[in-house]
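All remarks here apply to the structure that follows.
Order as written gives the chain letters A, B, C and D; numbering starts at 1 within each chain.
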Amino acid sequence: MSLLSVDRLTVSFGGLRALDEFSFSLSEGDFVGLIGPNGSGKTTFFNALTGIYKPQFGSVSVDGNDVTKASPQAMYEVGVTRTFQRLRLVPSLSVFDNLIVGSQRGLNTNLWWNIFKRAGLRKKVDEELSRCSDLLSQFNPRLVGTLLSPVSTLSMIDRRRIEVCRALISQPRILLLDEPSAGMTHEETRMLMEDLLTWKERSPSLAIVLIEHEMGVIDRVTNRCVVLNYGKKIAEGEYQIVSQDPLVKTAYLGEE
Amino acid sequence: MNKVIVKILLMAFLATLIGCSDSSNKVKITFIGPLTGGVSAGGLGGRNSAELAVRLRNASGQSKYSYELVPLDDECKPNIGVQVATKASADPAVIAGVTHYCSAVAMGTVDIYHKFGLPVIVWGAVLPDITYANDYKEIHRVNGTMINQNEVAANFMVERGYKTWAVIHDTTDYGKGHNEYFSKSLSPLGGKILGTFAVNAEQQDFTAELTQIKRLNPDVIYFGGLAPTGVRIRAQMEKLAMDQVFQGTSGIVSDAFIEGAGDLAEGVLAFREGAPTEKLPGGAVFIEKYTEANFNEPPEAYGAFSFAAANLIMDAIEKVGPDRIAVMAELNATNDHDSIIGKISFDDHGQNTVAVITKYVIQDGKWVVWEDSSYAAGAKRLTR
Amino acid sequence: MDLGFLAQFFVNGLVLGVIYALVAVGFTLFFGVLDVIKFSHGDVLMLGAFTALATYLGLSDIGVAPGVALILVFVAGIAGMAFVGAIVCKFLVLPLRGAPQLNTLLITLMFGTVIRESVRLFYPSGSNPKPFPKLLPDNAFEFGNLTLRLDSCIIVLLGILAIIFTQLFIQKTKFGLAIRAVAQDEETARLMGVNFKTVVLLTFALGSALAAVGGISTGLYYQEINFAMGLMLGLIGFSSAVLGGLGSLYGAIAGGFLFAALQTVGAVWFAVPAYKDVFAFAVVIMLMAWRPTGLLAERNEERV
Amino acid sequence: MANFVKGHFLITILATIAGLFVYFFLHLERSWEIVLVVGLAVLTMVVSRRKNLIARAQETCLQKPKFSISVFFVAAVAIIFALRSEHFALLMLTTVLLYITVCFGLTAQFGFVGLVNFAGIAFFGIGAYTTAVLYQYAAIPDFLIILASGLVAAVIGSILILPILRTKGHYAALITIAFGVLFRTFLEVNDTLGGPQGLKVDGISVFGLSFNENINLGLLGTGSSYVTYSILALVLCLVTFVFVRRMENSWVGLNMDMVRHDEIAAASFGIHPPSWKILAFTLGNFFAGLAGSIYASMSGFIAPASFNFADSLVLVSIVLLGGLGNVFSVIPAAFLVVVLPEKLQLIQEYRLLIFGIVVILILRFKPSGIMPRGARRYYPSLGVKK
């Protein structure tokens, strides 16, 4: 049984079908690239998957349980987390605050407990602090020192790292990365991917879906890729094979 | 650490500075009335009159003390009134007060004066409950209440042949009081009230109420409220081509009403306790002194009462000294005290008895005593 | 209740509706170009009425005929408020772009307070209500129980004309096109050579001029103005604009008339007509719960 | 050890200085004296800011919160006793403390979860009116009346929850504005609640201690009846302060911040934004209701005109002037906004005008307020180098 299976998922805005009968499946440990021209429905797919958009048709299931109409919160609970194309960190909050949000499932947010059980809270904060610094040090030891500084003091690549870390700290089963290289240089993108691959080696069961425009990155890190155009899947397979597909070439790569 | 020491020294310096504050030997009297807002004309006239009394007293050279008037603005709003009344009462240097034009405010503040033991004389507010609802020895009043006013009003109107009324009141204790006493006086005389409408003093649009009144088609619209609201209602009657007689209360006897309503003010009736200022025993002298003092605003209808109240307080202080309790006792004992408004005598509730009620009509842009008007003479006719 | 009285209520509501619509159109214009709420709008309206009154008093001192005075009064009010609107925009609204939206709301609210207080303190005995001159013919026509006054009709007509003029201006002129372009997409409009700042300033001037028309109409209708009149009219205008859907011109007009209708219905319905405002605002809250972005506005999804 | 002593000493000094300022601010009457005190306070602020003293002072206090709070509490009680016979100064102090309490609630709404409430004074008013009505018609202990007033404010506020959750930004602002106007108009036309005339309210008495009588302070002589009210208000203020601060420095505060900044990101990480909005909104209104209740029995008289839209604006401005989200900043801002105009007879008539201009200038040139919000500190020594 596959970890995630998507069957003929359809999302439309008014008359426009942003995602058109898209079917897709994902197994543990997969690293899938999702590519396609601008507006081909990649981010829409992520939004539908994480419960932000409600699909008009089709189904999504995780571990065989139907989660088609699930709320974003419920999708988080089943272990689907994501990053955003435009960073959605809170710049004025500290790195720790931003990261720990990913750990929501493990936090006691009962008002009474938070106000009156301060010793317990303190213990929990210390635990989470060390968990966060462990995670950061795996990514980039330099970041550990910034744990209590506001995110606004960090560089773009570090913010991307933090956003990926925020997703990772929730110990997801499926990680959705929405163009993590946006706004970064080649070198920075390469570094980020290195970090990601290192992480992936350590937790082999994690499944990752990556939206990316840089084909070199897709080629290097993914073991499969799916091509979208006008909301429809036009090809699927290893990058080397898919990239030779004439349909893909015309639609996406702009070649004859 | 140095900085901390510097700061402490600064504070010590400040403390000594404050220790040296001088204490004046002036006796303070507070005046409270509406100095801003829609009815400020009445309040300013009252303040000027009280100010005049204090100035004349200080200038006379015969008083034991030097007086200072502390004017405070109650904006004709009960909550603001309670604030400033607390402020005045809490100041131990204030011995007594000449307070309130608006009944709604006075109803809120009497408890404050009682709580702090500040003797006051009401100079304009006409609701009976101000003096009669409680047995507070601190509260006195030189002007009359609205009971007599409404008796005379009802009699006069019925005599003139009017049969049906619609009542508009402004929902404050003042407006409700007028509504109550007017209906009480009217029913034994056979007059009928077809409808009663509560409005909000700050309301702008009255066409809804007036359209309903137009349906009822009464002879007279009785309005229990103050000048600004009255102006709006009178103006909007015109919008609906209503020819009812507009009958007001003492609250609209003010130049501000005429200024606001313009031509439409012609033929508006109102009733007020006390003789017109120029016909008061000391009226001529008062008007002369007031004109000499060159105030920016006219004394308005209740200026003379304010003047008399201030003088009554200063007389008491001259006699028993600047002490609230003694002044209060002295005021309570007031009997046949000469003043510009005639003899003042307080009953056991501190209420002065004012026998005369004056009927007014607006004629050619002036408040004219009915008996002296062209309407009484038959040269002019009311709309109905 | 017979037809005449119902018609009377309808006419009363109509005049109110026109005035509300004039205010609401301003709100919707500002929101359209800049996504901001300029809450000093109601007080600009009041200032417009006072400017007109002062102009009239000045003119009557030098003996100008009422007919000419009427025109000059409108010119002064409209020009003055257009200027004030542009100034507010230049110094308070544009510099705050990028700050949270609510800061603009607050800064203009405060500016409204400043205008209101300034009139109260610095206009001669400004805290008192002022009689507004009767400049329109007041012939009355009686149809049974309905009294129709010429001045009310003129005010309704004038308001409708002002709104139609605004509509034509926005639909048919080059400047109107620029306003619509900016409202659609600021970036693209800039790229296409629209002078963004000028367009925004002009829009604020236009909206504020409409407020002046509203203020003078209010004065002519009630024959009385006061320093606090803008607060409630501003609130009602804002409610109307939001009710209709911010950014939509037709929405604002519909909102204005709807609010007046609610008040009128409230006044007829309740034994105490004063409950009409409670009723109207309660319905506004309920309608907002039903249509969170107004009755006529498109729902726009947030970009993710 | 030396450091430890130094910290405590510093806090005590700070509290003393702040206390003296507040005392003189409330005690002095003449305009030039007030100007001097305010000038001195501003000077102190400027000098200490230049030397980075404010940040250091704040840091010191933050590290020893319990000690700081008790010292400042003692300083406040000392001020109250020093002013024991000055009715008006105490009345003002109590009013400020109650306004501060409301603003703590508004900070939770506006500053934490991002819900701007333009009807703050309405909820304050609901508390006040509930108290007035309960005194008249119900025979329940006064302590419970205060609590009930808070609850009624929270419950009535919940009517607005649905529309507020469904709307955003300006549309949400309209809901609270409309409610504020509705509330006031309702009071004015509703005869049973006193109409524009208002209602009289009896004073509180708890365990036989009547709050409206002057009290015997033993060696200190007789104190004004407002002494008891100001202490009651102080306790309420302190409790809400600790509550809101703890809430801020916890997972609850974190989630509220996330909801304010980015509802979509928050939802994607399992946070349910509506719950937090409801919590903050209800809590804030509850605090406002409590404060309103004490205000009603202290002033002895309430009227619709006390609960104007303009007063709601004053509340929102206090929160913004101080620095949105910073719980501490509410305190100096409230003193400035509420007391200064009362004190300066000179500017009294111009107070709204000046107030408007000041708010405009601050929004224009220092939008983050006089004391911008600092970082979240889950526990006092977090982030302190050991």
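Heads up, the rule we're going with is that a residue touches a chain if its C-beta (ideal position, glycine included) is under 8 Å from a C-beta of that chain, and two chains touch if they have at least 3 such contacts.
Source: prediction; values computed, not measured.
Note on connectivity: the fewest chain-to-chain touch steps from chain A to chain B number 2.
Here the chain pair with the top count of touching C-beta pairs is C-D.
When chain centres are set by their Cα atoms, the one at the greatest distance from chain A is B. Here the CA centre of chain A is 49 Å from the CA centre of chain C. Chain A and chain D have Cα centroids separated by 43 Å.
Note on chain placement: the centre of chain B and the centre of chain C lie 37 Å apart, centres being C-alpha means. Residues of chain B found to touch two or more other chains are 36, 171, 198, 200, 202. Annotation for chain D: residues touching 2 or more other chains are 185, 188-189, 264, 349. Among the residues of chain C, those in touch with two or more other chains are 232, 272, 274, 304.
In the complex of the two chains, the chain D residues touching chain A come out as 243, 246-247, 250-252, 254-255, 257-258, 261-262, 264-272, 279, 375-376, 378-379, 382-383.
Contacts from chain C toward chain B in the complex involve residues 1, 5, 8-9, 12, 16, 120, 125, 127-131, 134, 138, 140, 142, 145, 147, 149, 152, 221-224, 226, 228-229, 232, 263-264, 267-268, 272-274, 276.
Contact residues on chain B toward chain D in their complex (touch as defined above): 3-4, 7, 10-11, 14, 17-18, 21, 36, 77-80, 82-83, 86-87, 89-91, 104, 107-108, 111-112, 115-116, 170-173, 176, 198, 200-202. Those residues of chain B whose C-beta lies close enough to touch chain C in the complex are 36-38, 40-41, 171, 197-200, 202-205, 207-209, 211-212, 214-215, 228, 231-232, 235-236, 238-241, 256, 259-262.
On the chain D side of its complex with chain C, the touching residues are 116, 160, 162-163, 166-171, 173-175, 177-179, 181-182, 185-186, 188-189, 264, 309-310, 313, 316-317, 320, 349-350, 352-353, 355-357, 359-360, 363-364, 367.
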